[in-house]
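There are two complexes below, and they share subunit A, which is joined by subunit B in the first and by subunit C in the second.
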Partner chain A sequence: MSQIFKQSANAWSKASIFALVFTLLALGWAVMVLQRSDFVTSANQFIAQPVQFSHQHHVGGIGIDCRYCHTSVEVAASAGIPPTKTCINCHSQIWSDSPYLEPVRASFRNDTPLEWVRVHDLPDFVYFNHSIHVAKGVGCETCHGQVDKMPLMLQKASLQMEWCLECHRNPEQFVRPRSEVFTMGYQPASSQAEIGPALVKEYNIAGSSNLTNCSVCHR
Partner chain B sequence: MAQQGHMQAGSTAVLDEPVLGPGQNYETITESVAQIPLSSRTPLGWVFGFLIGLGGLMMLQMAIGWLLLRGVGIWGNNVPVGWAFDIINFVWWIGIGHAGTLISAILLLFKQQWRMSISRFAEAMTIFAVACAALFPLLHTGRPWLAAYWLFPYPNTMGLWPQFRSPLIWDVFAVSTYATVSVVFWIVGLIPDLATMRDRAVSKVKKHVFGVLALGWRGSARHWHRYEVATLILAGLSTPLVLSVHTVVSFDFAVSVLPGWHATIFPPYFVAGAIYSGFAMVLTLAIPIRAAYGLEHLITMKHIDNMAKVMLATALIVGYGYVMEAFFAWYSAAPYERYMMFNRMTGPYGWTYWLLIFVNIGLVQLLWLRSVRYNTKLLFVLSLIFNVGMWLERFVIIVTSLHRDFLPSSWDMYYPTRWDFMMFFGTIGLFLTLFFLFIRFVPMIAMFEVRTLLPEAKVHVDHGPTGGH
Partner chain C sequence: MRSSASIRRAALVLAAVAVLAGCRQDMHDTPRYEPFEASTFFADGRASRAYPIGTVARGQLRADDHLYTGRVNGEFAETFPFAVSHAEMARGQQRYNVYCAPCHGQIGDGNGMVVQRGLRQAATYHQDRLRGERIGYFYDVITNGFGAMQGYAEQVPVRDRWLIAAYIRALQLSQHAPLEAVRPGDRPRLDQTPEEQLAPPPTAATGH
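Up next is the complex of A and B:
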C-alpha cells in the first residue's frame, strides 16, 4: 500500500497542535484587549461640538470654577449644562463679535438652546449621581481627567463597570479632601495611603460591601 | 478457525451466552462494520430517517430564530413556573447521555466484555445528547450571546465573576467538563478504527480524510501501549463524571429551599434515573440499527438482555426514590411539603404523576421476564415508553413543585405553547440528524475492540508476554 501523506505531514501535524493552541490564546487575548480599547469605549476621542468650547482656555487659562457653569453638581444627579445666558454673561462684553461665537449669539437671540453632543454617555440602566460623589470627596478630575488641559472635551475614562468598581471597591485610594474636589492637577499633601483611609472614615464612606451592592447603581 | 469453540471455559468471565455471534473471524467483523461508512450506496432507509431528523432540525432552527427575535415570552413559562420545558428537556437530554459514559468508562474498568460492541455508538449518543441538552439552558437565558459572562468566569469589563455559590455555575462546569471528556474519549477510541478505515478506503478523498483523522496511527506496539494508557486515564476521569454530572444537575433543584425540590435523595435518585433513561435510549437506537444493518452477530441478544437488566436495576432505584419522596413529605410533618405531595398526586397535574408511577414503577417490572427481554420489538416499544416516563418525571418534579407557590395568590397553571413543543421535538431532530450522519460516516462499532473477543486474539500463557492485540 502506498503512502498517502508525505513525510513532512508529521512535522505539519505536530506544528498544527501548537498553531491551534497559539491561535486560541491569541484570539482570547485579542478579545480581551479589543473590548477594553478606545475603539469600543470611545474614550480619548475628540467629538465635534456646535461651538468649539475649550475647557483648556476657560478653566486652565482663565481659572473659572467648575461650578460657575455646572451649577447643580453639588445638589443633583446631573452636573448641569449651562444655559446660553451663562456664556453671554461674559461674551456680551468680550469676543462679542467673534465669528466662532456666532452660534452662541444666535442661540441667545432666538432663544433656542445650543445642542451639545454628550461626551460622557452612561448606559440608561446606570443611575449615576454627581452630588453624592462630590459630597464624599471624589474630585471632578478623578473621573473626567485634567479638563484644564483639554482644548475640546473628551472622555478620559473607559466608563466600563470594572472602572467604576475600581473606586467602589477601594474608595480610600481615590478620595480627596472636599476642599480639593474642584482642583485640577491635585497632589495629596501627604501619601494617599495615609489620608485616604482617614478621609473615608471622616466622610462616613460606606464599606465596599455596600458600595458594590447591585442596587447602588442599578435600580 | 471458525470451528473452534469461541468461549473456552475459564478464558473469560462466566457468561451464559456469547457476546459475539458464531462463525466470526477478524475479516468478517471488520468487513461488516467498515463497509457501512465506506460503501458508496446510501440505503434508502437511511435517507428516510435522515430527512426526518433534518426536518426536525429545520423546525428547531425556526423555533430558535423566533425565540431570539421575540424573547422567552413565546414559551409557556410564567411567574411561578419560571422553569419549564427548557429545564425539563435539559435534564432529560443530559440524563440520556449517562448511559454512554457508564458503558465506556465504568464497564471498561470492570472489564465487561459486552460493552465493546455498543460503546462506540453509546458514546456518540452521549455527545449528541449533551449537545441537545446544552441548547436549553443557553436559550433559557433569553440572550445567549450574553451568556458568556453569565456562565463563564473570565476577566470581563464589568469586573464581575459568576456566583460561585450557585449550583447553576457548578452545572456549567459539570456539563462542560462532561462534554469535553466525552468528546476526547470518543475520538481517542476512534483512532485505531479510523486507521482501519484509511487502509480500506478506495477513494482518494476518503483515504485523506480518514488518514488525517487517524493521526498517523500505524498500530505499532508503542501506539497500542499509549492507547491503552490514554484509555485507562480517560476512563478514570469519566467514571466520577457518571455520578457527578447528574448529582450537580440535581443540586440545581435540591439546593433551593422549595418543597418538592429540597430533598437529600435527589443526587442518587437523579443519577439512577439518568442511567435508566440512557439505557432506554441506547436500546431505542440499537434495536433498529442492528436489524437494519444486519449486525445481530455483533450486538447480540446478550447485549440487549444486559441493557434491559441495567434498566430494571436503575428503575428500581428510581422507584425507591419516588416512594421516599412521598415518605419524606409525610414524615417531615411540614404542611408545605405535605401539601406539595398531596397536590402532586391529586392536583391538576395528578395524571402526569400517576402516569409516571405506572411507567417507571409498574410497567418496568415486565423486564423481570426473560421473554420480554428477548422480544426486541416489545423491548423497543418499552424503551420508548420508558424515555417518555423519564421525561414525565422531570415534568412532575419541575412543574408540580413550582405551580403552587407558598402564597396562593401567586398560584398559576403552566401550559406549554407550540414553541415549547417545537423546541423539544426540534432537538430530537438535531439528535437524529447527528446520529444518522454518525452511522453513515463513522464506524459505529469499535472493530478493533470486538476483534479482541475472538479466540485467536487471546494471549496464551505459554506464549509469553510477546503477544499483541
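Up next is the complex of A and C:
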C-alpha cells in the first residue's frame, strides 16, 4: 500500500504551522494599521464645502485672529462657526461681486445658513470643551495644525482616543503660554522640557491620573 | 449533526458582529443635536434656536441704558458705566487687536491690513472729531456700526465693548502725548526708527 502523503508533506505541514502564525500576526498588524490610517480617521482629507474658504488667506495672509470668527472658543464648548454676517463685515466691500462668494451673499440676502460640512466630528460619546483647553494653554494648532497653511480646511489629527491621551498623559509636552495659544507656527522661547512643567504648575493643570480618568471625557 | 452545530455557531457570531457594528454607528452619532447642526424638525432647518421675539431671558433684562446703549438721557455718555482697572484695559487692548485692528490698525490710524487689501479707508482715532467725541459714542459705533463698518454686537460682548472703547482712548493719548509725559531716559528713543525702537536696548543685550 502506497503512502497517502509524499515525504515532502512533512516540510509542508511544518511550514504551514509557521505560515498560520505569521498570517494571523500579519492580519492583526494590518487591522491596526488600517484602524489608524487616514482612510478610517478621515484625517488629511479635503472635504467639499459650500464656499472655498481659505484659512491660509484669512489667517496667514491678512493675519486675522482666530477669535474674530470663532468668538466663543474662550467661553464655550463649541468654538463657534461665524454667522454669515461676519463674512459680510468685509465682503460687503471686498470681492463683493466675486462669483465664488455668491453663496455667502445669497445666505445673507435670504437669511438662510451656509451649510458648512463639519470637519472635526468627534463621536457623540466624547465630551469636549474648547474653553478649558484654551484657558490651560493648549494652542489651536496643537490639535488643528497650522491652519494658516491650509488653503482648504482639513482635519490634521486622527482624533482617536490614543491621540487625546498622548497629551492627557503628558500635558507638559504640549502646553504653551496663554499668550501664544492663538499663534500659528509657535516655537517655545526655550526648550519645551524647561517651560512645559513650569506652565503645568502655573496653570494648575491636573495630574495625568486625573486627566486620564474615563469620566473626564466620557461623561 | 456536528456540522450543523458549527454552522449555527458561525451564524450567531456573524449576527453578533452585524449587531455590534450597528451599535458602534449609533453611539458615534446619537440622536441629539450638536452645535449648529441642521434639523429636519424645525421649519428653518436650524437646530440652534433664536429667542422668540419679545422674550427676555431671566437675568438678561437690559434696563441699564448707560451700560447697554452708551447713552444717558438720550445723549452719548461721557463716563464709563463701570470703573476700568489696568488689567481690564489690557483685555481691551487684546480685544481691540482681535476685532478692530484688522481695519483700524494696531495704532488706530485706520490703515489695518483689510484696508490695505481694499476695504474703504477706516477712520483714524487721532482726528480732532474723534478725539473730542464722548466715550459713549465709541460704544455705540462698536455696537451698531458706522458707515461701511458693520456693528460688532454679535462678536463682542457688552463689557468688552467698553474695554475696547477705553483702549481707544489710550491709543488717542499715545499719539498726542506731550513730551513731558515721556520719561527723560526714553526721550532719545523718540528719534529712532521703528526698527531701532523694537531692537532690545543695548544694556539688556550686554547683560551687565
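Throughout what follows, the second predicted complex is superposed on the first by the 219 of 219 C-alpha atoms of A that agree within 3 Å, B and C clash if a C-alpha of one lies under 4 Å from a C-alpha of the other, contacts with A are read in each partner's own complex, and residues count from 1 in each chain.
In this section, contacts are C-beta pairs under 8 Å (C-beta built on N, C-alpha and C of every residue); 3 or more make two chains touch, one makes a residue touch a chain.
From a predicted model like this one, the values you see are computed outputs, not experimental measurements.
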First (subunit B), second (subunit C), both or neither touched by A:Met32: first
First (subunit B), second (subunit C), both or neither touched by A:Asn10: first
Touched partner set for A:Val216, first subunit B, second subunit C, both or neither: neither
A:Ala206 touches, of subunit B and subunit C: first, second, both or neither? neither
Touching partner for A:Gln160 - first (subunit B), second (subunit C), both, neither: first
Residue contacts on subunit A - larger count, subunit B or subunit C: C
Overlap of the subunit B and subunit C footprints on subunit A, listed as residue numbers: none
Footprint of subunit A on subunit B - complex, ascending: 155-160, 198-199, 207-208, 211, 215-216
Interface residues, subunit C side, partner subunit A - complex: 27-30, 32, 34-36, 38, 44-46, 97-99, 102, 113-114, 117-120, 148, 150, 154-156
Subunit A residues within the subunit B interface of the complex: 1, 4-5, 9-10, 13, 32, 35-36, 158, 160-162, 165-166
Of all residues in subunit A, those that touch subunit C in their complex: 62-65, 67-68, 71, 77-78, 80-81, 83, 85-86, 88-90, 92-94, 112-113, 115, 118, 123-125
